[in-house]
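Look at the two complexes coming up: chain A is in both, with chain B in one and chain C in the other.
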Partner chain A sequence: MATPTYDLITSHTVSSTAGIAFDNISQDYRDLIIVVTGKGAFGGLGCQARVNNDSASNYFYVLVEANGTQIYSGNGSSTRFLFSSSGAFDTGANGIWILQFMDYSATDKHKTVLTRTNGDVTSGRGLDMGAHMWANTSAITKVDFYAGNFATGTTIYLYGVAS
Partner chain B sequence: MQLIETIEVGSGGAASIEFTSIPQDGVDLLVVASVRESSYNDGFLGLRLNGSSTIGDYAYVYLYGDGSSASTSSAGSTTLIYGKGGTNPSNATANTFSNYQVLISNYTSSASKSVSIDTVTENNGSTAFQGLSAGKFVPTSAITSVTLLYQNLVQYSTASLYKITAD
Partner chain C sequence: MSLILLGILNSQAAAGGGAAYDLLETQIVSTPASSLTFSSLDTLAADYKHLQVRASIQSNRNSGDDPMIMTFNNDTSTSYARHILYGNGSNVQASSQSSRTYIFVDGMATTYGSSLAYSGLCLDILDFQNTNKNTTTRILTGFYGSSGNKHVMEHSGLYYKTDAITSIKFDFSLSGSSINGGSRFSLYGIKGA
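What follows is the complex of A and B.
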């Protein structure tokens, strides 16, 4: 039985360390989901992104991380999304990273992003989850990942979830 | 996203729920389950892929909270991937079931597979579990079967398998 509520908008396979942007994002959906499978290009960078070219201090987060022996929780703000700080998505081995942009096309609310990161647990990486906010009421039309976030071969899928 | 199959445990319960002959035309697999265990109270639910019970084929780390504290644990070489909070324990409020979700990304690829699990149990007015697991299936073969298992999953436990496609 088909349930046409979760559609692939576009995908990208990383072939260089240049930045990756999803631009002119369709406004026809309720939520956006980005699924990244692969690894980082540089150690300790985590994953960073901006939306709509906004470089102001409009990005806030709270997260919790665990690696099997320790648990950490923190919060902060920045001039960009800091999606993963635990090293869960690192250079050593493949992991999975899931971002859900809630109500991204609304123009009457700040935007919330829920994240999950699973590192390669055979290489000592852990997991984290975060709640992020972009303090802006504009509809999200562009998501721009920083150069060097992803190693060659990493795949990125952008899905739209319909109302 | 397309539903492939839903399985409901029948009278007498079952030790496992298994999806086999999974189509190979999707990008990701999503399993959504609601289950209850009749023998144990720890809330674990195991996940096996391609029927493998080989030590070293799996590794995982999980994090969970029970309303008063948070804990984390891991296994670097094991026979399945555990999700704490995957089953409603036998001592939970009667007729309550868990919520359990698994995402297996790029399940047809020729690389090891990353597995992401989210769980929560239900227990009115008392201790319940909410958990996350990050797992790895080390073999590089495509995923053709998915099994959820513990000791005895009770009648009316259900699981649905979806494929997320690229079209």
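What follows is the complex of A and C.
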């Protein structure tokens, strides 16, 4: 028998501006996929998250963004994942973020996260793809989205994909 | 070849009402391997409409990055093409290739600077059993190496033939390097109407 997977582990719909944390994440899967549908509570924050309460400068990114007339590539590092530019995380229109944590439960490699972001933004860049890296070999057990990122009604889904 | 087959799982799932996304096979590379192949897809994946490969990949090359190639059905004729959109943090490029003997999947992570960086890869192969159309693929891949080497890429691939896809092969033969230990490739089947 093939093994059914791509399981919904949990979801959370934002009802306040408090941070959102997925804690005690099951280690029964190989990849995690987080899907965010919604919009930002404030301009300029972007979609940001930490894993395992790590506040060190262990988060790196390279991305390509487009807004219909221009295309751009940037990179950098931070004390948290910066999953999209502030422009792609609009306060006026809903967007979609698909965050793929590859081999999140492995302990022999740094963690790569592939991302795709789409939003019908009124300013900034509405189309985004990125490769992010958490420079740590620990299994990811917690993903903590930055407090105040999401507007009320935004929903975040956590899926597990087995291997 | 030093692959650990975690399970070649023959799908007998009944159509309709069941799961739509199933794990079919995972291969984990324990020591450097010259290539990695998913085969017998005509039986292994017979009940599915589309395929997805999810992988963490590293080449054992000790330099920058490394181009991986993908071929179908052991076919090395000039029957492949691809387009790519690429960003490395400062520049964006688009390019294409046609009449190639493989689908080029460039820019995989290597051991250069660190043995801990792996490229993430998500490959979709649509309508892989359909014999009335050429087969198209999509790949999202990227990595950020500790040496500062980094990029993110979106590929579209084309197999000019109408043959059903029965095998998928990955290798680093263009550089002569190998798929390094710790790399992981998982094959999933997606149901269709």
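In this text, the second predicted complex is superposed on the first by the 154 of 163 C-alpha atoms of A that agree within 3 Å, B and C clash if a C-alpha of one lies under 4 Å from a C-alpha of the other, contacts with A are read in each partner's own complex, and residues count from 1 in each chain.
Here is the rule we go by: a contact is a pair of C-beta atoms (placed from the backbone, for glycine too) under 8 Å apart; a residue touches a chain by one contact, two chains touch by 3 or more.
Keep in mind that what you see is a predicted model, and the values were worked out from it rather than measured.
Taken together in the superposed arrangement on chain A, chain B and chain C clash.
Of the two partner chains, chain B is the only one that A:Thr155 touches; chain C does not reach it.
Judged by the touch definition given at the top, the superposed model places A:Ile96 against chain B, while chain C stays out of reach.
In the superposed model, A:Phe60 lies in contact with chain C only, and not with chain B.
Of the two partner chains, chain C is the only one touched by A:His110; chain B is not. By the touch criterion stated above, A:Ser163 is placed in contact with chain C alone, chain B being left untouched. In the superposed model, A:Gly130 makes contact with chain C only, not with chain B. In the three-chain model built by superposing on chain A, chain C overlaps with chain B at stretch 95-103, while the rest of 41-49, 95-103 or 131-139 show no clash. Shared interface residues of chain A (contacting chain B in one complex, chain C in the other): 1-3, 5-6, 64, 71, 116, 129.
Taken together, the chain A residues at the contact with chain B in this complex read 1-3, 5-6, 8, 11, 35, 37, 64, 66-71, 88, 94-96, 98, 116, 118-122, 125-127, 129, 155, 157, 159. Residues of chain B touching chain A in their complex: 1-3, 27-28, 59-63, 70-74, 76-77, 103, 105-106, 111-112, 114-116, 118, 132-136, 138, 162, 164-167. On the chain C side of its complex with chain A, the touching residues are 6-7, 9-13, 18-19, 21-24, 26, 47, 54-56, 58, 85-92, 114, 116-120, 122, 140-144, 146, 150-152, 154, 182, 184, 186, 188-189. By the touch criterion stated above, chain A contacts chain C in their complex at residues 1-6, 30-31, 60-64, 71-76, 100, 102-103, 106, 108-110, 112-114, 116, 129-133, 135, 137, 161-163.
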